[in-house]
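Here come two complexes built around chain A, the first alongside chain B, the second alongside chain C.
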Partner chain A sequence: MTVVTKPLETTRATAVEKGGRGWSRIVLHAVVIGLMLLWLVPTLGLFVNSFRPAADVARSGWWNALFPPWDFTLDNYSRVIAANNLGDSFINSLLITIPATVIPVMVAAFAAYAFAWMNFPFRNAIFVAIVGLLVIPLQSTLIPVLRLLAGAGIAGEFLAVWLAHTGYGLPFAVYLLRNYMGGLPREVFESAAIDGASPTTAFFRLALPMSVPVLASLTIFQFLFVWNDLLVSLIYIGPTNPDNLPMTVRVASLVSSLGGETHFLTAAAFLTMILPLVVFLFLQRYFVRGITGGAVKG
Partner chain B sequence: MTRGIGWRRAPAALAVVALLVAACGTGASPSPATQAPPDGTTGPGESMAPSDDFSGEEVTFVGSWGGSEQDSFLAMVKPWEDRTGAKVKYTGSRGLGAYLTTAVASGTLPDLAGLPGPGEMAQFSEAGALKPLESVLDMEDYRANTVGALVDLGSVNGQVTGVWMKLSVKGFIWYNTANYSGDRPANWDGVMAVDPSPADSLFCVALESGADSGWPGTDWVEDILIRQAGPDVYDSWVAGQTKWTDPAIKQAFETFGDVLDVSFGGTAYVNSTNFGAGGNELFTDPPGCLFHHQASFMSDFFKSQGGAQDGDFDFFVMPEINSQYAGALTGGGDLVGLFSDKPAAQDLLRYLVSAEAQQIWADRGGFVSANTQVTTYPTAVEQKSADAIHDATVFRFDGGDLMPGTMKAAFFSAMVQFAENQGNLDQILADLDAVQAEAYAAQ
Partner chain C sequence: MNNDVINAAVAVIGVPAVLVGYILLTERLIQALPERRQGRLRPWFWIAPALLFLIVFLIYPTLNTLVLSFMDAQSRNFVGLDNYAWFIQDRGTLEALRNSVLWVVFMTGGVVGLGLLIAVLVDRIRYEPVAKSVIFLPLAISFVAAGVIWSFMYQYQDPSRPQVGTLNALIGLVGLGPIRWTQEQPINNFALIFIGIWMWTGFAMVILSAGLKGISTEVLEAARVDGANEWQVFRRIILPLLLPTMFVVSTTIIITALKSFDIIFTVTNGGFGTNVIALEMWKQMFTPPGNFGRASAVAIVLLLAIIPFMAINIRRFREQEAIR
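Here is the complex of A and B:
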């Protein structure tokens, strides 16, 4: 990065020659595009392989497919789509992911506001305890939580996974939002209080709208975490109610018990990737707009 | 006051959630909670129905099979579903051991499940989760139609607890029929004396398998040991009573070392090649190696990875090393156990062990049955695999899979270290002894 920015600054400092500036822009773009391509190589390889016959994938690298004779096939995709009720499990993934994203983000927003701007006993101690939960590995909670959910009679239902993901997502979400909301200007809340706004009004009218950028990025994180999750769904929905299993579990079971038939995974990977990509692109625009909007007002 | 409002709102939120679940059409499936009585899921008139009518019931099954194995399993249970009206809900997961350990500890169990191995079977049985099958199966019939050693391997404290579905027979020496005549040398020295031409080397060895790298090497050592030192030494070694530094174990490692010396590609190839691609060099032109030692399942990989067709490859069972122990064989397989008292689940288990059911999967390929009444297989290779296990005088389960988890993991990585540097054997075995001393004590 420094290599790139330095010539930029110097040209800007001298700022005489237009040609020099254009030249450095070309270098900058070349470097950025080069890095992007490098970053995309594994994904590109996966994409090319998803259209190749299994025997070719096993015997030669993906780049061989780029040269004639071309031998592409849609077999992998048609097999993946036909197998294992993938359509149903796509819907299941949505039904799991959307509530398991909305619930923790909402709860964390309330909690973060309380931790940042409300006074109650042991506020800091409770906050430290919640942040401390970040170090507990998810795996160590599987057995007791499953026992709890089974006791409540909801193991195997979507509700179980929503609650589990809410619990697992909250410590980080509260931590992130508390830090952001704590940085909002104190004067705003003070004047709101003077004008007679209750904490609830201040939260909905002030804290929430001002936190849109961080809420957007938290939503992206949580959405991707839940969408890609295999373990939590497998354990809490589990084989006791396989109709509710999400896409990740279905995709994993495309592979035979000894690790054969992996060529289907390339196609399956692209099918599972579509929605997160759309969400990311959509929220990313929103995210950028949030930042610039705040900057102008500030 | 605010608290009061909060609590009044909470049920409303729950109701919305419940509506959402119901609207998705999935809330209708019965709760899997084990406490629920089984009759809660069936319609009225159940008592009047014939004993094998389970209309509307669901039997959950979790196994490690995926892909085409899963398709074959579902094809296998289809006639049962048609006959009884029940539905088999299958979930495949390769993390079966971790899943079942969690399930048993928390009491949220599937009705039937594939079991990772005899060790876990004993563990789940002692936890009271697995049901003994003596009262479920027709034992006389089962004993008469099942390979004897496998009946015992599926037992805990003398009670049959697990039945076998998909066997894999180990110690096959595979070759390309275009490169080798198929003569089975009378003994191991005869194999090592075979002229590798037209291939570059005599053997291909491939040990890479992700976190489990090294396991193909453990199969080598086990197959050598049982033929060289016999089943008694093998058993006491698996049980942790014979040390790794024992001369018999060391000799087995050294015999495998002789194989590595004449293997294709050297250390880098051995340790970096995935076991699934380990046979590819049999089919290249010119061939890299003449023989490949691997279990019966390898034929699938020859076809999917090596580009071979049925008929391009064949095998002979690894011959004796010490004539005293001729006919000894090792292998593994997928055990299935029963976690539920539901009549439908019991009926499904009875169906699964029957020759009628097992023949369906056998016909679809990639399956060797423990049921001796399954007589026809689609390919000569599968037929020979089944014959090998039915003819074995001594059959032992894969040793590494019977060892405690830490011992097994150490054994796997020891094979990678050994392939890396054979000169380090004494140190490797001494390290394994140290693991052995702790692993079995902790068990």
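Here is the complex of A and C:
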């Protein structure tokens, strides 16, 4: 894939460059760089502010910190971690996210394999119904699910959000995995069946190992989705057990409660972004493949 | 705390182990059956866990919400269409509805328009991967973090003091402002919508860019050799070929815009005339004393708004399957 696109991209660029006139090239670069700046500056500003003393943040814009005399500090980070239990909620976010990522991927893998390689009545109808569920707004499920979870005595527990995120994540997970598994070569499974391999063997020894790229995409997606979620935790954990709240909910409540003390907020927001940004920067390829896999063929 | 760590570890290892055990165990049971019935029974065991989750967390709750929307605040008595009558008469909900329409129109237009522009522009430069990563980056962070980031962009100070918000400082350079971006109507709605555009443009760009790379270079070159200028190439070749992909991206963005909640919740909490349907539902549910009937009715309105796009999604999927 990458081997093919790389040289293609360069030939494209050179072909256009030869044809393009000087001025239009300058405008092109100006527009692209302008957009890149517009997209980077907001995050950059927050990043710079998170290392500035409180008084400076209130008195002057973040860009002033770029010129000497430099005065950077880690105060905001240490204060927000100590005073607002953000350290605890970072752990909570991890404890929520990891199981809520592993469970749906696993459940979806079995279902996707059945939809792709087993014959049964209503197979397509059921699968199409699942694709339809992709767009059901979370909001239309909140009240009944909250009552179910409260009735089962697990509202406020991590278990409640693990289960809820599994349910909410499944339509996309089944859809993505089924599309990929359905594209695996038929001959492989046929010859395995002739050799007497059971469906379980075919699944564990063939389908799963061959689906590693799409499993990676899906894992990243579900991870980011759960880590960045506000609503599910806010409602299924929030009112009952504030000690279990993840970072997103804490930071959202800091926004309203801190009022003037916005300098803490910069550090808090950055702490919530660290993990997604690291995941994104290192695994961007899989992330992109997950998005395009659902919409563009090939 | 320690207990939680153990529970999470048990969930991460235990649940997959139980699932694998379940599949292996049912396989044993199936093997005992005659050959013909094995193939018929097996798939149902494999999809059962997924179906169970979908029924419990999506299908049943949605149907239940529909029923609750015809009941009173505590879900005790049926009140007919009262909650819907309230919805179409209340000024607050109508304002939320109007704002949701603004979100759908402008966020979708902005995301797809900018996504297309960027996809086409970066196709012509050498630092394409870097440019794409930059535009794509906001998609990885939470709406909450984006809300915080942009509340600093939009920050307002009294004109007598230096502006610390990036935007007000910028427009101050040319003698304008300062503007209360998040409070002044109608600017604040567009300021919030732009946060959504900032987050989702990368999504549209990535998909449209993949579609663009799928257009054969020979076709474009042939047009250029025949004397077509860049605008004509875009207008007559690239745009028509990308139209189906743009349509797909648009439906996704429309649904995202309708569901938008977190940005508004974080930045204005629906104040200053920025409420939307998704947030109104939350407010009805959790502003004491809490009205589950009205909240459910709002949720059903949201669902009704989304259903046409769901139908489009399904039809597109069917067509895709037909050529598969």
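Here is the rule we go by: the second predicted complex is superposed on the first by the 220 of 298 C-alpha atoms of A that agree within 3 Å, B and C clash if a C-alpha of one lies under 4 Å from a C-alpha of the other, contacts with A are read in each partner's own complex, and residues count from 1 in each chain.
FYI, a residue touches a chain if its C-beta (ideal position, glycine included) is under 8 Å from a C-beta of that chain, and two chains touch if they have at least 3 such contacts.
In this text the structure is predicted, and so the values were computed from the model without any measurement.
Undergrad: Of the two partner chains, chain B (first) and chain C (second), which one does A:A30 touch, if any: first, second, both, or neither?
TA: Neither chain B nor chain C is touched by A:A30.
Undergrad: Touch check for A:I130: first (chain B), second (chain C), both, or neither?
TA: In the superposition, A:I130 contacts chain C only.
Undergrad: After lining up the shared chain so the two structures overlap, which partner does A:A111 touch, if you call chain B first and chain C second: first, second, both or neither?
TA: In the superposed model, A:A111 contacts chain C only, not chain B.
Undergrad: Classify the contacts of A:V188 with the two partner chains as first (chain B alone), second (chain C alone), both, or neither.
TA: neither
Undergrad: Touch test for A:A55: chain B only (first), chain C only (second), both, or neither?
TA: Only chain B; A:A55 stays clear of chain C.
Undergrad: Which partner, chain B or chain C, is in contact with more residues of chain A?
TA: C
Undergrad: For A:A82, is the partner it touches chain B (first), chain C (second), both, or none of the two (neither)?
TA: After superposing on A, A:A82 lies clear of both chain B and chain C.
Undergrad: Would you sort A:T240 into first (chain B), second (chain C), both or neither based on which partner it touches?
TA: first
Undergrad: Looking at A:L74, would you say it contacts chain B, chain C, both, or neither? Reply first, second, both or neither.
TA: neither
Undergrad: Following superposition on chain A, which residues of chain A contact chain B and also contact chain C?
TA: Touching chain B in the first complex and chain C in the second, residues 58-59, 91-92, 95, 99, 142-144, 158-159, 162, 235, 239, 244, 252, 255-256 of chain A appear in both lists.
Undergrad: Applying the document's contact rule, which stretches of chain B touch chain A when the two form their complex?
TA: Residue positions touching the partner: 17-18, 20-21, 24, 26-27, 29, 31-36, 60-71, 89-95, 99, 102-103, 105-110, 113, 209-210, 276-277, 280, 297, 300-301, 304-307, 334.
Undergrad: What residues on chain C touch chain A, complex-wise?
TA: These residues of chain C touch chain A: 1, 4-5, 7-8, 11-12, 15-16, 19, 23-24, 27, 31, 39-40, 42-44, 46-47, 49-51, 53-54, 56-62, 64-65, 68, 114, 118, 121-126, 128, 131, 133-145, 147-153, 162-166, 169, 198, 201, 203, 206-207, 210-211, 213-214, 217, 221, 224, 230, 245, 248-249, 252, 255, 258-259, 261-262, 265-267, 269, 278, 281-282, 285-286, 292, 295-296, 298-300, 302-303, 306, 309-310, 313-314, 317-318, 320-321, 324.
Undergrad: Contact residues on chain A for chain C in the complex?
TA: 5, 8-13, 15-17, 19-20, 24, 28-29, 31-32, 35-36, 39-43, 45-46, 49, 57-63, 88, 91-92, 94-95, 98-99, 102-104, 106-108, 110-111, 113-115, 118-120, 123-124, 126, 128, 130-145, 148, 158-159, 162-164, 166-168, 170-171, 174, 182, 198-200, 203, 224, 227-231, 235, 239, 244, 248, 251-252, 255-256, 262, 265-266, 268-270, 272-273, 276-277, 279-281, 284, 287-288, 291-292, 295-298
Undergrad: Using the touch definition up top, name the residues of chain A that touch chain B in the complex.
TA: 54-55, 58-59, 83-84, 91-92, 95, 99, 142-144, 146-147, 149-150, 153-159, 162, 234-235, 238-245, 249, 252-261, 263-264
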